[in-house]
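The data blocks that follow each hold one structure.
Look for subunit A in each of the two complexes below; its partner is subunit B in the first and subunit C in the second.
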Partner chain A sequence: MSGRDVLPTVIWPIVACALGVAALACVPFLFGDYGLSMAINIVSYTVLATAWSLFSGPTRYVSLATVAFFGIGAYTTAVFAESLPWVAVLAIAACLSVVVAAIVGLATLRLSGVYFVIFSLGLAELVRQLVTWWEVNKTRTLGRYVFTDITAAQIYWQLLGLAVLVFVAGFLIGRSRLGLALRAIGDDETVARHSGIDTTRAKVALFVLSTVFMTLAGAIMAPRWTYIDPAIAFNPVISFTVLIMALLGGVHRLYGPVMGVVPLALLFEFLLARFPNHFSIMVGLVFILIVYAIPRGIAGLVEQTVERTRRQPA
Partner chain B sequence: MSALLQVEGLTRRFGGLVAVDSLSFSVDTGEVVGLLGPNGSGKTTVLNLLSGALKADSGSVALKGQAIAGKAAHQIARLGIARTFQLVRPLGSLTCRDNVLTGLAFGRGRSWGVAARGEADTLLDRVGLARARDTMPGELTYIDQKRLELARALALQPELLLLDEWLAGLNPTELEEGIALIQSLSGQGITILLVEHVMDAIRSLCGRCLVMNTGRLIASGLPQEVLADPEVIRAYLGDDGSGEGGDA
Partner chain C sequence: MLLEVTLQGVTLGGMYALVAMGLTLQYGVARIMNLSYGELLIAAAFAALSFYSGLALSPLLGLLIVPPLAFVLSYAIYRILLQPLVRRAKTREALEVDSILATFGMLFVIQGIMLALFGGAYFSYSYLSFPLQIAGATVAANRLLALVLAVVIGVGLYLALTRTRLGTAVRAVAVDPVAAQLVAIDVRTASALAFALGGALVAAAGVLVSMFLTFNANLGVVFTLKALIVVIMGGVGNLLGALIAGLILGLVENYVAVFVDPGLTLAATYAIFLIVLLVRPQGLLGRAGR
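Coming up: the complex of A and B.
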């Protein structure tokens, strides 16, 4: 590649992304409180769904443990935010998720996909029960107040920064050996092993990375609630919502999940306002529709359309 | 000792069935050895044991004097044993080039980037898939998928190549090409252990043959010798067969 080729293919996309992020960073100044809370919701689910598909997309291991890590992050904030500087709180959250995810990954990622789904669901429940037990028996409180002076706009900006990091990480992994290893594992793990790939290590590495993002999202989001208890922080609906969003958007492309997050976050907001009592049923129906109607997600539809229009004139 | 591969007392059971029964043999550097035997005699299981897909119940395997039995498949691949599969297993979501890149990136070369892409294309050329670099394996014919699998195995820069009926299902022209290709690999210094039923291929390729029946080694030697061995003939025709004596 000559220097002149680099400019349009590398610099311009980066400039375009930077301008997009800068525009998104203006949201707190442009919209009211309701707009900002919508934006926080969308960006946090963007982080969660993109991080989820970072691991689950290529490996095809469906994880329902998202909320286990999200909740660990939220609780880290609840416990330490008052006494420690904010950076330290985030660092503790990240370290905790590395430890938990490495242990869980080493123990479970040798399992085949079906067992992993069930285990991951069980893990979220286990962590919730452990935290509940600890709070009831040791600290003798079931809920905690989250005292910080972090504003909604600051939460939004932090989440936006985290989202940028997820995308950068995903982009780099897609071009790395690790990315190739994971796609090979998703296709045929036996073949991957016989090609020299240490499949367990690759899976654990990516699982850990993806959960760090989930945990940080939880830590950053916690001040939104002011009060949390295990039922709020470890609500399994979060795991399912992330799964549905990622599947709707499409997990085989980095930009896929966000295309599912935006419409579904808006739809869920609407359903929750209009049908508060039948929300779960509605979510279930949406889920079934998505899996049957668009198995490869919106990103898949977009690609199909592009492919078709490209082939027609030829 | 010049033995590249030394196998002693290799045994593997599946429940009550002894699929490989205290098998011992060795393969010297540069040899092309045929592994024959009737259906279900344990040939694929031997390849699975050598490549680390299965763990042996007992026995030892040494590659250049280093014990490899019990090592993980990816470690064995990096030590220089590559394999193909009896039923082709291409990586379906990767292009042909990326299929080959897996072996290059994680094998002994550990090459990556532009250099690796060039090597992948060279390997695809070598097996006759030059036109299919950016094709998805699903669009290839069966024989071309087999070629792809061979290229992926070669990407590991193996010292020992295990081929499981790689020539099965080819038409006569393809078979000729396939035999020539394997011969050229051997000429390049790769030692080959191949499971095969196609007798023409065995005669023209193998310097030596091992014959298995119900997990045990029943004969070894030059192809024409073992194929004429009464016990081998009995194994292939079944115990109740009348051997060669029957009318044609």
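Coming up: the complex of A and C.
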């Protein structure tokens, strides 16, 4: 490849992505309130699902704790949004998630994956009970009002910015030594360790990074609710939804999760409106269907089709 | 006071041990990490409640009806839903991930069905709720009965696994599925039986728990979590370890609930779990390795 050819292959994808983001940034001007709230929903789940697969994709460690971090972010906003500047609120949220994720990671990621899954299964419930206990005994309030002057459009733009950051981070990690180390761990952890990779450090580092994105998403989303209590902020259905979306899209590719987010966000919106009392049954069935029928997600299906057409040029 | 709290803790611990024994059969033998495990416990509790308040059947009779049903149901779930995953999986790790995902989906389906049927409210019924005096401490009769039955079931299971041919086969599969096949053990059947037996055990625990605890449709996950922690703490596949770990967890939880704050019981559970992970990840009676 000569110098003149490199330029277009690097520049054009970047220009295309920038144009795409700019087009998405216009959504608040083009659609009404309902369209905007759908867009916020989709972008926030895109951040969560992509951040989830950032860690769980290459390492194959299933994390069931998404909402623990999302909720920590939401609660940080609820507690500090009135007294501190917005940037400081986000910074506190990020710091909190680093601390919690580092504790969880250092305790469980030294060991085999099962310990991590078990720990993450109850983590949201643990944080929820601790927050409830603190609020009831120390501050004597359960449930808080979130008063900010942040508009829906501003929430959308912040989430969009966060989504861009997640993708950039994922892209860079995929091309770094860390990314290579993680793929090696996912393939065979023993081999990875024997070839000189500090597996624990790599896993903890990526876990912390992925949870920072989840926490920030929670912090940014909190003003949407105006009222939150521990049951709303730490609703386990969010962890479940993120997991389904990431798996449907395909976790082995950076662009995978978003392909699961869009159809499922629309489907869930429909199901929630039509069958509010049977929502979790339906979601559970959809999920089981995905696990059995398309284990590698839409991204896997796309790759399969491309492969097949390439092999037999008609 | 201390004796009373200890007795309550032992009852709770006995339940945890029973639940964990079932889980260690499912995870240790059938290699299925079943996240919908606790939902079956709550479903059994609801069944016992319906029998008692709807048909005026005693929970003891429920104990004869519900676990066999759960056995059949679990057997069907294993054969129909989980065996395809076992066949598909190339390694034990791959099966672990697949079973976690599939049973996580089942968790929401079962929970959703219970929410649709019973709503999110807390339920309990009063059966044998008169107090008994034991060595100066007061204990509700239903708690004592639950503890006695848990001991009977646990001992029965222990004898069945150590004293019979089928039990020995099941334990052999837990140790090494490939080697078990070499000595002419039908690994698939043994796995399916172990999984179904685990389901029957958790259903029995559900009936017993319903006699003295209030429960709701969302509580399954907490039981799954505690069962998993007890299994890890005792050493995967180790029944005696599960018993000891279950008792420790039940006692600590009850002490914290009574003497510190009932809102911190799960925090106490997690603290124990953290200590185990940091100090002895292979479990109290488990062997190092893997």
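By definition in this document, the second predicted complex is superposed on the first by the 311 of 314 C-alpha atoms of A that agree within 3 Å, B and C clash if a C-alpha of one lies under 4 Å from a C-alpha of the other, contacts with A are read in each partner's own complex, and residues count from 1 in each chain.
Basically, a contact is a pair of C-beta atoms (placed from the backbone, for glycine too) under 8 Å apart; a residue touches a chain by one contact, two chains touch by 3 or more.
Quantities reported herein were computed from a predicted structural model and do not represent experimental measurements.
Upon superposition of the two complexes on subunit A, no clash is found between subunit B and subunit C, which fit side by side.
Greater residue coverage of subunit A by touch, when subunit B is weighed against subunit C, goes to C. By the touch criterion defined above, A:Leu247 lies against subunit C but remains apart from subunit B after alignment on the C-alpha atoms of chain A.
Of the two partner chains, subunit B is the only one touched by A:Arg193; subunit C is not.
After overlaying the two complexes on the shared chain, residue contacts for A:Ser112 are found with subunit C alone; subunit B is out of touch. Using the contact criterion defined above for the overlaid structures, shared-chain residue A:Ala181 touches subunit B, although it does not reach subunit C. By the touch criterion stated above, A:Arg60 is placed in contact with subunit C alone, subunit B being left untouched. Contact with subunit C, but none with subunit B, is seen for A:Pro295 once the two complexes are overlaid on the shared chain. When the two structures are aligned on the shared chain, A:Val136 is found in touch with subunit C, with no touch to subunit B. Across the overlaid complexes, the C-alpha centre of subunit A sees subunit B and subunit C at an angle of 70°, to the nearest 10. Of all Cα pairs linking subunit B with subunit C in the superposition, the shortest spans 7 Å.
Interface of subunit C with subunit A (complex): residues 33, 35, 81, 84-85, 88, 93, 96-98, 100-102, 104-113, 115-116, 221-222, 224-225, 228-229, 232, 261, 263-264, 266-267, 269-270, 273-274, 277-278, 281, 290. Within the complex formed with subunit A, the residues of subunit B that make contact are 51-53, 72-74, 77-78, 82-83, 85, 89, 91-94, 98, 101-103, 105-108, 112, 152, 155-156. Interface residues of subunit A facing subunit B in the complex, by the touch rule stated above, are 177, 180-181, 183-184, 186-188, 190-199, 252. On the subunit A side of its complex with subunit C, the touching residues are 60, 62, 64, 107-108, 111-115, 117-119, 121-122, 125-126, 129-130, 132-133, 136-137, 236, 240, 243, 247, 277-285, 287-288, 291-292, 295.
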